[in-house]
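Both of the next two complexes hold subunit A, though its partner changes from subunit B to subunit C.
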Partner chain A sequence: MLENLPVLSLIAFAPLIGAIIVLLLPGARSSWLRATAIIFTLIPLVLSLWLFAAYQPAQGGGAYTEHSTWLAIPLNIEAFRGGITSLQLGFDYHLAVDGISMPLLLLTSIVSTMSVLASVHIRKRWKTYYSLFLLLLTGIYGVFLARDLILFFIFFEITLIPMFFLIGIWGYYGREKAATRFLLYNGLGSAAMLMSFLVLIATLGFSMVDETSYMFSGNYDVLLSNLTDPNVMANMDTENARYFGIFLTDNARWAAFILLLVAFGIKVPIFPFHTWMLKVHTEAPPAIVMIHSGILLKMGVYGLIRFAVFLFPEQLHSWTTALAVLGVINILYGAILACVQREFKLVLAYSSISHMGIVLLGIASLEEVGLQGAIYQSVSHGLISALLFLIVGSLYERTNTTQLNELGGLAKAMPFMSGILLVAGLASLGLPGLSGFVGEFLSFLGLFGSMKILTAIGVLGILFAAIYVLRSILNITYGQMPEQFSGMKDARFIEALPMVTLAALIVLLGVYPSILTDLMQNGFAGVLEQLQTRMGG
Partner chain B sequence: MSTFFAEYAWLVPVFPFVAFTVLTAMGKGLKKAGAWIGTAGTFASLVLSLCIAAERLSGDSPDYSNQMDWIQIGSLKLTAGFEVTNLSTLMLVVVTLVGFLVNVYSQGYMKNDERISTFFAYVALFTSSMLGLVLSDNLLTFYIFWELVGVCSFLLVGFWFQKPEAKAAAKKAFIVTRIGDLGLFVALLLLFWYMPGHALDFTSIHNVFNDSQGGAISTGITTLIALLIFLGAVGKSGQFPLHVWLPDAMEGPTPISALIHAATMVAAGVFLVARTFDIFEASQVAMSTVAIIGVFTAIFAATIGMAQNDIKRILAYSTVSQLGYMMLALGVGSVTGAMFHLFTHAFFKALLFLGAGSVIHSVHTQDIREMGGLGGKMKITAWTFGLGALALSGIPPFSGFWSKDAILTAAFDKAPILFVVGAITAFFTALYMARLYFLVFMGKPREGQHAKESPAVMTIPLVILAVLATIAGFVETPFNGWFGHWLLGGQEEHQASGLVMVISAAVGLLGIYIGWLMYAKGTIRRDAVSSRVPGLVVLLERKYYIDEFYQFVFVKPLQGFGKALELFDDYVVDGIVRLSGHSVAALGRLNSRLQSGQVQAYALTALLGIIILILAIAGRRFW
Partner chain C sequence: MDHLQTLTWSDTWYLAPEIVLSAFTILLILLDLFLPSKVNRNVIGWLTLAGLIIASVFVVLLLLSLGSEAEADSAAGSYSLLSGSYRIDDFGNLLKLVFLGASAFIVFSSLGTVREEDVPVKGELYYLILPAVLGAMVMSSSGDLITLFVGLELLSITSYVLVATRKRSRLSSEAAFKYVVTGGVASAFILYGMSFLYGVTGGTNVFVISQGMSAALENYEALLYISFFLMIAGFAVKLALAPFHAWAADVYQGAPTPVTAFLAVIAKGAAFAMLYRIFMNTVFLAFDSDNTMKNDIFLALSVLAAAAMIVGTVGALQQRNVKRLLALSGVANAGILLTPLALSLTEMHASLYSEFLYFLLAYAFMNIGAFSVLTIVTRDSGNEALSGFAGLYHRAPWTAAAMTVLLCSLAGLPVTGGFLGKLFILFGTVQTHTYWLGAVLLLTTVISYAVYFTLIRQMFMRSGAIDSGLLLSIPAAITIWICTIATLVLGLMPVPILEWINDIFSVSTDLFMLQG
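Let's look at the complex of A and B:
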């Protein structure tokens, strides 16, 4: 039944429809608004779970591709020799899913559902909140689904604006500064991305519609096949080809590659572009940090893999050492700083930096194991940090502080929440049996093949993770409980539900990793093989 | 000849895991029933383990192993599986037997704790993970369970989470062992990339490293792998220099000290080296390292043990010391000796801890200076404790004598100096046990202490363990090498040495005699040493200042570095961000000032622009 529906569009735009409905509802009816928001967050969840069940890794996501021309702008053809009848600049509406976006799609649908449940702690301007929230979701889904550079860019930008307001209106004390910092930093990243995309569209985006009509577009598949298939080039009239500049020169290639690294490096974030995300972690409302730390940072990883790995494997290959060094810096820098923080949210923020460093190592390996490890680590970290900030939200509701020295002994008053916090912490420090270990292990394993010493240094991060996780969590839940916390209640059902769900998923991914790795199967075999032949030849 | 029970060996860890799941799901509603669920789970494992053992004892049953795919990525496959060999069967029996007795004992010991069902849930999870570790057929699965037992140990050490000491000890236990785990983790990566076909299973490891041709993996890498694995074992088994967590771990409930920090988990390091022994044998450097670290830890911890006053800490240092013996055995090539001592030590040390628990339960203090004369009031505890102490001191014919003798003999054959140090350690061991026993159970009862014998649920496990501590040694004596033959198929020749036997028994007896003179009879004054060399006693009491040293050399500098890095992050990294923000704003202000409305200024600017353009275009030909 669902086969005939445009599933991907539904996933991407259901939240947008929800946002419009929310806008039409009376603003004082918080329960209506909330119910609508939950329903329109659940629709993509159900659809992506269905997609997950129906997904055949062997076929790829071909069955679910949605592709149509969006708009086409004719270009001047007078300058061309030969019988060209038409030349167009085309923008496509192109959505698709494959083994690399599928895990992140699932992550988005799960974390966003948990986040909308956690939004119970939002106290003002529900209508605006939920409509922005849903708009943000459309942007995120779009990013993971889009296969056209311009479409990707638009979705990417759509995530920025709601985020800006969500931080700036519902955040803590320093929210406005944090929101500005967020917007400026990410705006810079977007500018770099746009520059790179334009270079790509104007060169590799070239395709032949038929013998006499040609077209430039941001179609990802076209870019990929132009890069890999030398026949496309050979068939073309060389003079025109030169004019089109389809042979991306080495310098242009490098420029486009570096711009992409910067654009997505800011999002990941790679040291030294990380200071903006510290502010967001501490100032945004916890439900939004769940999205931010759980999903938005992974857009950076996704971008790196989708564009840097697949389009520029050779450039990446000659920079793997640099990328691995940056990864190791991320791991250790984040971890050591996490060890000395006095504010729990900052511990988690720095730990995110550290964990994203492991993702970078996985990417730098340019090995199937490592790359899948990078994605696995992204999904795992998404779930773990969503769970951690879910707890932070509930904790702050009760204690009104997340300063470590003001907390203590909460396991006595709230055994359930403390237990879940411990599970999340253990997952974060990479305890086997929980998801964090698999991602770390695969990433380290991948990189170890080519860079033994660097990996071994990076492994030190696991030790620091144990230190900062235990230091902070034991400070919160163990020891003597201050008087004023004695009457506190443990998690309510509405809080416990997402906590248990996330914890269960973390265990599931830790025990049965094939559930994700089977999706990816040989997701990177093509590009790695191609890299090898080009390097060899 | 059959493998009927072995094929179901995977069920052994499943029983306690089910108990854990039930206990966690049902939570506090269970109260007392929770204890029974935990005990029942371990009992089921015990029965199945005994069936497996019976099957393997009855004939030459082939080893049985079974795998399934865990992760498959491209052509790489990571498997999970279990393997039943005589070595793993031995461990199964030790773990389930001690585990079951500790469960029974805890029903009495933890009776009044309001979180009793949580306690039994943690114990069940530990037992399950430990059994999984024992059964693992490859190093990756082994590592997974290795970490899980570590986290259970952490949870149980910190069980009384409100005590600041328990919190600190739990944290320390986890972090210090994790230093070792890093070694094992990197060893795992190395093996993965160097082993033919990326195999991580113990059979392949055996085949590759046992190959007399060698060549598959260079000596340097072999040594590196062996040392890294050993680092893991050092952390887990409390060997110098990572021993510091084990005595602190005594903050946990005493049954836990018996189960985890004496009989099973801390022995996992020894088991790990035994399991990957082929890698060690292929590297002379690694073997020597293991032997030297082992023997040094043995004597080092024994000396500290003589100066401690906390009954559990004395036993903890004794455990560290005995684990050192086991490492020594491995280092001199005697897997039999190591596993034999692991086997007997599990019983007598569990017995000693449970006996100590019985004492603490009764007098509510752990300081042996506040105890005395308990022998009269706690007869069963005193008798069983005495048997355990004799076994630990290596007095014939108790079990500890035979296993220690096996180790000392092997050391004597390899390098007499190792034997000498080992024998001195044996003397110290007997001395501190005599001190402990005489101070606690002999002498005059303290006033105001209403000590009484513990309930049967606690004493029956003591009696069973006492019987085992007495007789378990007869499976392997210099006159009967049955155990070693069964364990390793008779690969090692057991050399009997009358001289070693005599010396080892003599030093033990001497130690007890001197202890008796000092602490029971009073012929030698107790402060005979401390009055002459006070510095030495303080040094021992403060455990050679190792903790202070680490605090000074690692913890403080790291904190300082972290603080410095924080400033760097705040002022340099973020400073540049702020600076670029400000400079853009400043540029904006500057430009807005140009927009003054004065037409003359605009015209001047335009003129300047034209001149620059002309220069640029005209100048092109000269470039």
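Let's look at the complex of A and C:
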């Protein structure tokens, strides 16, 4: 039944439709607005669960592609000699899903649903809030689905604008500064990305439609096939080729690669580009941090894998040590600083940096296991940090503080929430049986084959993780309870529901990892094979 | 060319838009003079609008007839009057359409908002737009240095008067005076540069100059250098390109807001038209691709473009006055608009003109929209400070939303015309391997987020001094919405318009003058 529907477009644009409906509803009816937002967050969830159920790894998701021409901009052809009848700059509307985007798509749909439920704590301007929230979702889904460089870029940029407002209007005291910093850092990343993309389009994107008509295409598949097929330019008229300037020189290749690293490195974030995300973690409303820490950072990981790994495996291969070193710095820097923070949200922020370092190690391994680990760790960290910030949001509602020294003994007043907090904390420190362990294990395992010493140093991060997680969680749940907390109620049903769901998923991924690894089975085979032949030959 | 072609009756058809504008100007001057003072001068505003619309209808008709002629015979598609000193071609017609349309929007949007207390000579404000547009049209349509200069002066001198129409404002008089002085100096520079060109090639007709170029290059290289660089400096002042932009902020601030919008869009576009016409026919056409002078001029133009982007954006960071802020944003945008022209002097690349025209169009919409919002907001708050926008979201959420779209377009965020416009220009820099200019464009774009989002922050995140709803004027509101929707449409569906431009416009018949 669903086979005939444009499922991917529905996933990406259902939230946008929801945003428009929210805008048309009366602003005072908060329950209507909320219900609409929840419905339009559930639609992508249901659809992506269906996709997940129907997904066959062997096909590589080939069955689910949507492809049509979006912009075919005619370029002036007077400049070129010899019978060219048309030259176009073509950007496609091309959505697809494969083993790499599927887990992240699922993550997005789950975390966003939990986040919209957690938005009960939003107290003002519901209409604007929910419409921006839904617009943000369209951007995120688009990023994970888009297979055209410019389409990808547009979705990537679309996430910036709603995030700016969501941080700046509904955040805490330093919200405006955090919003501006978010915008500028990410804008810088996007600028680097756009430059790199345009270089790629102007070179690798060049393709022949037929004998006399050519086009510059932004389609990812075109780039990929042009990249792997060295003979693609062979039958080009060299006189014109000089005019088109389409040869991707080695320097340009390196420049494009480094620009991509910077672009997605800011998003991940890789040390030293991380300062913006600390601000966002502490100043944005918790429901939005769930999205930010749970999904947006993974856009960086996804971008690194989709573009840096797949388009530039050779360049990456010669830089794996550097990337691994950066990963180790991330792990240790985040972990050590997380140990000394006095603000719980900052502990979590630094822990995110540390965990994203593990993802980098997985990527740096350039092994199937490691790359799977990187994705797995992304999904797992997405769920864990979403859960942690869900709890932070509910805690702050009651205690009005997240300073560690002002909290304590909450296990007495709120046994349920404290229990969930402990589960999330244990998952975060990598306890076997919970999802965090699997992701970390796979990433370290992948890297161990090639860089034993770096892996060993990286593993130290897990030690620190145990320290900072237990230190802060025990501080919150045990010890002397300040008097003003004594009458506080435990989680309401609406808060407990997402907590239980997320905790259950964390356990599920911990005990049954093949749910995700099966998806990714064939995802990396192609690129690694290609790397091997090119390295070997 | 031994005998001068004279104007015949049949040529009036080709000059219909210009004739309409002149006729309306004279008519409205007389009307303003004889109309009793108690009659609201909005009548003149509406008639001005009518004149602009009629003229643009004629331009469209000309475009269509040129198109069908070109289909019948591929050599046609342009028409030359008075031995090439006036040319009717698609280059000029497309620009004329932009100028007329933009002026029509500016006049329409100001119909409800220009107040007699501020502009005592309201009638003048409206009807003087007509000769100014006429000047811009002459500049985009002429193939002779003298006619070009006449157009430039017609535009400039009327602009000086327009800036001064806020007669009771000290700022306005100061602005007008500054504008007269700098504008006059700039015109002098341009004319001086032109005189050298005439001296070394023996003609004022651009075709003749283009023919004489190679001989001149051999014998008078130094003089040619002087000529081109004098002209570049003059145009840089007219376009407010850094470091020749110092007048812009003061003049924009002092002028009535509709005039500011006019200066930002039409005056700039016209100067670009003239620059294209002269430089493409002389520098581009006559020089070899590896000529030193051509490379020097390319370097000068691209450095100017980069400087304008950097200075405009960085300067706008500290501005607290919205009009000055938009003036500096105009400096940066002039740099972006100059980029395609500069790039076309390098190796030929795939698009020479459509990226310029597309960005000009997007720029016109976003600027006119933003200035219309500014007009309404300043009318309420009484000043042009940034804080006047505080809490706009609470007072007029839809206007705030429209302004956000327009500002996103100025900042080059998707999905707006400003984004795609910048994207095309950026693609040009990549295609010609001028990566550094592309990098400057991108970096200043990121810095400009800080500029435009300061305004957005005021609108959405601060509470203002006034709580009552914003008093909208209907024409201004309509203009704002048309501009907003057009900005979004340009960002989502640019293909029809680009295809249309590509279909009718050809560099060789419409821009190059290959015969007299």
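We take it that the second predicted complex is superposed on the first by the 516 of 537 C-alpha atoms of A that agree within 3 Å, B and C clash if a C-alpha of one lies under 4 Å from a C-alpha of the other, contacts with A are read in each partner's own complex, and residues count from 1 in each chain.
Heads up, the rule we're going with is that a contact is a pair of C-beta atoms (placed from the backbone, for glycine too) under 8 Å apart; a residue touches a chain by one contact, two chains touch by 3 or more.
Here the structure is a predicted model, which is why all the values come from computation and not from measurement.
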Touched partner set for A:462, first subunit B, second subunit C, both or neither: first
Which superposed partner A:74 touches (first subunit B, second subunit C, both, neither): second
A:340 touches, of subunit B and subunit C: first, second, both or neither? first
Partner chain(s) touched by A:184 [first = subunit B, second = subunit C, both, neither]: both
Set of subunit A residues, in rising order, touched by both subunit B and subunit C: 184
Complex contacts: residues of subunit B adjacent to subunit A: 69-74, 76, 143-145, 147-148, 151, 158, 161-162, 164, 166-167, 170-171, 174-175, 178-179, 181-182, 185-186, 189-190, 192-193, 558-559, 561-563, 565-566, 569, 573-574, 576-577, 581
Subunit C residues within the subunit A interface of the complex: 347-354, 393, 408, 413-415, 419, 423-424, 426-427, 430-433, 435, 438-439, 442-443, 445-446, 449-450, 453, 456-457, 460-461, 494-495, 498-499, 502-503, 506-508
Residue ranges of subunit A touching subunit B (in the complex, touch as defined): 184-185, 271-272, 274-276, 333, 336-337, 339-341, 368-369, 372, 409, 411-412, 426, 431-433, 437-438, 442, 444-445, 448-449, 452, 455-456, 459-460, 462-463, 466-467, 470-471, 474, 477-481, 513-514, 517-518, 520, 522, 525
For the subunit A and subunit C complex, residues of the former touching the latter: 71-80, 87, 89, 128, 150, 153-154, 157-158, 160-161, 164-165, 168-169, 175-176, 179-180, 183-184, 187-188, 190-192, 194-195, 198-199, 201-202, 216, 243-245, 255
